[in-house]
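The structure's right below; bear with me while I get my questions together.
Labels for the chains are A, B, C and D, by order of writing; each one numbers its residues from 1.
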Amino acid sequence: MITSQQYRERLKRLKSNVFIDGELVDRGDSRMQGEINTLAITYDMAEDPSLEGITTATSHLTGEKINRFCHIHQNSEDMLARQKMTRHYCTHTWGCILRCMGCDALNALSVVTHEADQKYGTEYNARFLKYLKWFQENDLVAAAAQTDVKGDRSKRPHQQADPDLYLHVVSRGEDGIVVRGAKCSVTMVSHADEILVMPTRAFVEGEEDYAVSFALPADHEGVSLITRAASPRARQQLKAPIAELGSTDSVVVFDDVFVPWDRVFLCGEKELGGRLAVLFALYHRHSYTGCKPAVSDIIMGATALVAEYNGVERADHIRHKLADMIGVAELVYSTGIAGAVMGQKSSSGTYIPDVVYVNVGRRHAGENVYHESDILADISGGMSATLPPEGDFFNEKTGPYLEKYMMRNPNIPAEYQHRCFRFISDIICSSFGAVWQIAGIHGGGSPIMETIAILGNYDLEAKKDVARYLAGIPKKKS
Amino acid sequence: MITSQQYRERLKRLKSNVFIDGELVDRGDSRMQGEINTLAITYDMAEDPSLEGITTATSHLTGEKINRFCHIHQNSEDMLARQKMTRHYCTHTWGCILRCMGCDALNALSVVTHEADQKYGTEYNARFLKYLKWFQENDLVAAAAQTDVKGDRSKRPHQQADPDLYLHVVSRGEDGIVVRGAKCSVTMVSHADEILVMPTRAFVEGEEDYAVSFALPADHEGVSLITRAASPRARQQLKAPIAELGSTDSVVVFDDVFVPWDRVFLCGEKELGGRLAVLFALYHRHSYTGCKPAVSDIIMGATALVAEYNGVERADHIRHKLADMIGVAELVYSTGIAGAVMGQKSSSGTYIPDVVYVNVGRRHAGENVYHESDILADISGGMSATLPPEGDFFNEKTGPYLEKYMMRNPNIPAEYQHRCFRFISDIICSSFGAVWQIAGIHGGGSPIMETIAILGNYDLEAKKDVARYLAGIPKKKS
Amino acid sequence: MITSQQYRERLKRLKSNVFIDGELVDRGDSRMQGEINTLAITYDMAEDPSLEGITTATSHLTGEKINRFCHIHQNSEDMLARQKMTRHYCTHTWGCILRCMGCDALNALSVVTHEADQKYGTEYNARFLKYLKWFQENDLVAAAAQTDVKGDRSKRPHQQADPDLYLHVVSRGEDGIVVRGAKCSVTMVSHADEILVMPTRAFVEGEEDYAVSFALPADHEGVSLITRAASPRARQQLKAPIAELGSTDSVVVFDDVFVPWDRVFLCGEKELGGRLAVLFALYHRHSYTGCKPAVSDIIMGATALVAEYNGVERADHIRHKLADMIGVAELVYSTGIAGAVMGQKSSSGTYIPDVVYVNVGRRHAGENVYHESDILADISGGMSATLPPEGDFFNEKTGPYLEKYMMRNPNIPAEYQHRCFRFISDIICSSFGAVWQIAGIHGGGSPIMETIAILGNYDLEAKKDVARYLAGIPKKKS
Amino acid sequence: MITSQQYRERLKRLKSNVFIDGELVDRGDSRMQGEINTLAITYDMAEDPSLEGITTATSHLTGEKINRFCHIHQNSEDMLARQKMTRHYCTHTWGCILRCMGCDALNALSVVTHEADQKYGTEYNARFLKYLKWFQENDLVAAAAQTDVKGDRSKRPHQQADPDLYLHVVSRGEDGIVVRGAKCSVTMVSHADEILVMPTRAFVEGEEDYAVSFALPADHEGVSLITRAASPRARQQLKAPIAELGSTDSVVVFDDVFVPWDRVFLCGEKELGGRLAVLFALYHRHSYTGCKPAVSDIIMGATALVAEYNGVERADHIRHKLADMIGVAELVYSTGIAGAVMGQKSSSGTYIPDVVYVNVGRRHAGENVYHESDILADISGGMSATLPPEGDFFNEKTGPYLEKYMMRNPNIPAEYQHRCFRFISDIICSSFGAVWQIAGIHGGGSPIMETIAILGNYDLEAKKDVARYLAGIPKKKS
């Protein structure tokens, strides 16, 4: 395991391929500093002895202690520990720790490379395990690039006017393959060491070139990261942990990029493209059963705090809304526990969480994101939107005015009151906050995707048989 | 373990103390036959080898195989098995198997009698275990009588105009105690062997006489059961399992009833009255994480079936509503799993489920009862309310009319179509169905009670600390 | 105008063609008495001078004072008066006054017969106005029979295996036509004087025979009414207005029935079949903006009353739920006002309410039916489901027990408490109550039908132009 | 009436008293330019002949044509025209036209000054009408400053540690009064000509000094505006109307400010302080029945547009969500119509909208704000949060990449696609958009305030009588 300082140093050695607002920028660009700070926490907390076994795990490859973000689930307990870790991290980082996707992609690959080998006699799994060992030893950060730009949504990949609208193999050579396309909405890739490319959907005959998965260094030749950085409003004097955080999302363009064979983990096995897409999503949705409750923790914490500051904490209707928020958090967390406990071992030995519980949970989370913001906005009042800028609190004339008129409960210093509103303004009245609302819906797959996953995996015919039995109608002959 | 036939015989030996609509009636009264049929299933399925270990358990007292309804949870697996059993039973019995309450009361007593002994040096636990052994050996059915009539809800027990509005000890003697009061909304007591009386709330100084718990035979001297029986509409020719079921609720009046000491399990320890009330509710709410998903199973099964019959099964908006129903069922079931897995061993050795997960689950179930009926009513159409009575389908003139005009999908016989609507009419358009809607809200405690339980057990201050940390506000000094 | 006594007498003169549960019964059968009582109110209140101009109107044909249920809307004020009248009646009759459908059908026919004449040179309108004059003079009650049984819902009328699954013309003769088919879910037809048959949908080429509308006496040769009667549970001693009410729904079979030409109002004009279907639905949905708020009035009244009796009337969470109920009632009522005020005069002179407001209102009502029951069930507690039968309150032994233990607020007599719960039990825990829940969804068209009507009539392209303007995208060329 | 150019010129003559982020700035500061642009529209559209009678009115004082924003409602038609005007303006200005508050305050003052004179023999009304005439002649813009900072919310004004936490009269002199305090969340005051100060609540004995209302020029001596400006992200090349808009909110500090008597409209009549507060809120909530449907128009337009661009416009679940949005818009709009039509004439001749309909509508709007954003976020997908900054679309290397990969429907130019997402990003993923979400809850009073207003004005006892009647319980003796 490395330190956060080593991670920061390593980032500096990456070649420039990040663009922001039309400029080629350094990975250390101030607009993106918050993301580096966030990722650094995953190194710092891995050194915290009180979190041993939660933030760390024992590699099944080497027996060494590794960062849990580099670990492959060996049993239900691993999944429970991962869920617990995620919630812990995310209460310190405004709801996203950024490093999950890579871990989820590794787990999915550990399963599907093995299944491919069993089915086709390929050697993906050995190749993947070698890559994994190196990944674990170097304590790497990986971004998962899955979402193709997809063009016309009413057409399949091979029907698009431009075949590049889904990433695909352009040519195969002795040393490797060449790929072209773009992945969008790729979070954190501008500070990842590695990019793990996943297919975005299932494929049919004639779409073999789209069934491809591979790993590349984030600054690989031909790869461009077109990046949108988001952070809370910068603070001048009123420093706070929230203000040090941040994240990025990128369109990742692969402009005829060469990938050596030892980094290719699927290439043309179209039956397994969809399997890999779905399995990555499933692991990632299980991650959401950890992070989304943390988002709820933060929002309900802010709500309870502002209710205390406003002196309405004991009012029934406030308390019932807090109970609603607890409900959302713990229903979702429960599905992660159930998903872990009812998980199954795959042929590779990797554990897979239960698909129904996890999707039901992720869906419930996604459907309540805006509802939670609504409650916080409702209870905190209009001040979260109309709070004067920080400078006014420190101007000679207006500072004393605001100090005087900001007071509510005389036992709570004006500064705390100010900090509380500025914090709430960051989470529900800023571009940064809105990014995470939208991510709360779409990250890991939108509610409609979970609806599809649920309906595809649930035995509704068995439920009809329950009805048929009670109604005295014979079962269908199968 | 006994057979259902033995149970039916045993019932006949009970003395008459059941009143229906102003008459003293026999326990075998035809209006209550459905309840006996329902309870009989708990004996029949305990003999089914494929359910071994689910419907049965091994007594920790005797090592004998017993009906799981007589068992005390020894570990998380017991709670998981109980939850699974409950869902299984309840899909066969329109959502309630009726025998849970007794089991939940026994579990709560196994914990609290032990805690009382530890705190006060009493001997309740040994007395209880002796009772339990006898209970297990005879494979008894117990009703739990908890809900006092409560009089003026803005006043405490000892402040009521009439002190009997909460059941209480009238006198204590050498051989036992005398109690007076009434418990209402007591389900299934008219076919129970035993009544387990639980306190309904916490008590304060001066309310010692209300902190009482005991067991009595259901036909004990001085006990009257004023009963409301509910069943689906009787069928003449179109027999179906749903039509054989039923249930009862009673006001149980204790008119200066004598209880011998060996059946008294709490008497005056006011600090533990509330503990017993809450713990019984907790076990019972965990039962609901099994039965309420079964209710959802039935309703979603009926919805999917009628959607198939109406030819709209593939429509998006129908499927999304089915996914909503799956969501309700599996979110609630997840909380039961999480509650079991995260449960704790009490000082008595009995396992207790986690209070937050279970209450969050029960609350979510209660809040969705009417929503599920709404979906079924919506998708099944008006026919569930306007279906002609059964006789019209067999009358010489109208029968052929209805046969002709009932047809929808030509591949589905008119009789199935008819059975399907009659079944749906039983569940959403009958007095019997409505009883279970209301029970779905209030049984085991209404959503407001779970809200109180959640808020009372959840560490909201820790969540405020999450907000304080991110906002840069120091923790409160404790 | 006639008296209710005259109406009752007139009913007795109708020939027997009503079947209940396999028997041919008299219209005065005790199971259907509640419906007659309900309809009688429309005659009694029309004599109430304080309701003059609300329950009555001035015929535009004769200038005579007539029952408003026989009136054709001449302006927005008529529609406002009708809405007000409906709400008033329905608070006295558990949410449905039963006589609206006929009035709505008459209004729709007054428009469409005129449009047919304009388009095809037919003489329907004069024929209809003659019928209407006779109808007004005799102060008749008409049922509207619209909903065909519809067979396989994925097929059109002319594609059904059995062509009779939609009612259609079998033959045309000099004196009239012969029709065959069945209409289902026809409310109140068993106590109507007249049946007004309406088409159920739009038609295409080849479906001319389905585009038919006509009037028949309710006991006409060849017409059979297969009827389901619903009433609150009968009372022995605790008489109350709710217990005197009732309603029926029938499958109306037309077995080669002859209709003379002077009672035929549409026959083969397929373009206007859909128009008539939709317009009848629109008028009927406007009626719902009056009756559904009355249902809300009753349910919120019951909720507020039981909250008072339980002593929780001032609790915040109770009051907020009452505000929710007020919200549902008055949002829906507002749409009726807006629909009336923004209504338009048709070519016939009859006023038509605005289609968007009315459908938005009816949809909102339909989506909240179960929600309102949920609130009442929640606040009234379990007793609405477990209340002992009436007889137990008057039995020598159990009567005093219940009298004693029913007490809550000492200032409220046990009888009122009892009456309150029995009333609530009638509305949310009875077959009768459930019929009206389901009617609350489907009567006048289910929410999905209103969704279709809204989307079909709303100018979404104009809203896209709003977005395009702000975004700087040019309008589409049309 | 003046032109927008004249308005812009007039603004320049105001003295500097606006602070932003610690600096004293000019009213023309670039950060606030969007607000001026928005207000200018109210002058431009008043000159549009096609909007004559909508954006203009005839003064009841002078008979001259005036801007409707300066008009006092003389009848229901005025209120209907005002509602229509507001919706029209607000579809052009991202949901707020900014100039309503002043108009609403003028209407409230026209009523309450008259009532004060009737009750106390004061001369406020004549004074107010003189002010109004001058206001109309100069076509002024007024901000209404109502919300006091309020300090400890569990205490009344006179109980606060600092008496200034509610604005109050410090001294009364021959020429006028001196006031001290601060009003917060005052929208648009930095570009108003006049500030109309309203009380924020009802008062009790001893709080006479808080019952004060007056008008001041926005740059009056002693008045400081501490301002937060909000705008969509600035555009470099992709100009669009949305990007030219903006708004401000200010804390307005009154530091011992002198107000001459001819600008004082209430001073010490504590019984009327609450009346004025409530009446202003009522007028303002009626304004919301115009602007909130416009917000819905914009959001549903954006949703329908992006659904078209994504090729999913015909999907059932998309269309049903659009119908939900239409439902919100038109339910709220209906309450405004009903409120206008059912409005009442006050003693002053000014019309007042119905309090129940208007509050029910405003509450429904407030409860659905986040729900509407949720639908747009759901249907537009993650791109609204992860769209690269504008510069990347015009960079030599990344521009062509984005042009290529942004394509969806080949018939829709990449620029439109880009504009569509950038627009959506402005409305749901920006600080500016979030300001209006929060304003959508709290502007004009939060849902809890409307709940209180509804419960305070609704005759629930009459609804209980409805229940009592049906249940056979006599009415309460009053």
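What we mean here is this: a contact is a pair of C-beta atoms (placed from the backbone, for glycine too) under 8 Å apart; a residue touches a chain by one contact, two chains touch by 3 or more.
Only a predicted model underlies this, so the values are computations on that prediction, with no experimental measurement involved.
When every chain is reduced to the mean of its CA atoms, the largest separation from chain B belongs to D.
Across the two interfaces under comparison, C-D and A-D, the one joined by more C-beta contacts turns out to be A-D. In terms of their C-alpha centroids, the spacing between chain B and chain D amounts to 52 Å. With centres taken as mean Cα positions, chain D sits 38 Å from chain A. For chain B, the set of residues that touch two or more other chains comprises 317, 320. Only residues 315-317, 320 of chain D touch chain B when the two sit together in their complex. Contact residues of chain C toward chain B in the complex are 19-23, 147, 149-154, 161-162, 164-165, 182, 184-185, 224, 226-228, 233, 249-251, 253, 255, 310-312, 317, 369-371, 373-374, 377-378, 381-392, 394-395, 397-398, 401-402, 404-410, 428-431, 433-435, 437-439, 441-443, 446-448.
Only residues 91-92, 94, 238-242, 297-298, 300-302, 304-305, 308, 319-320, 322-323, 326-327, 330-331, 333-335, 337-339, 341-342, 356-357, 360-361, 363-364, 416, 419-420, 422-423, 451, 454-455, 458, 460, 463-473 of chain B touch chain A when the two sit together in their complex.
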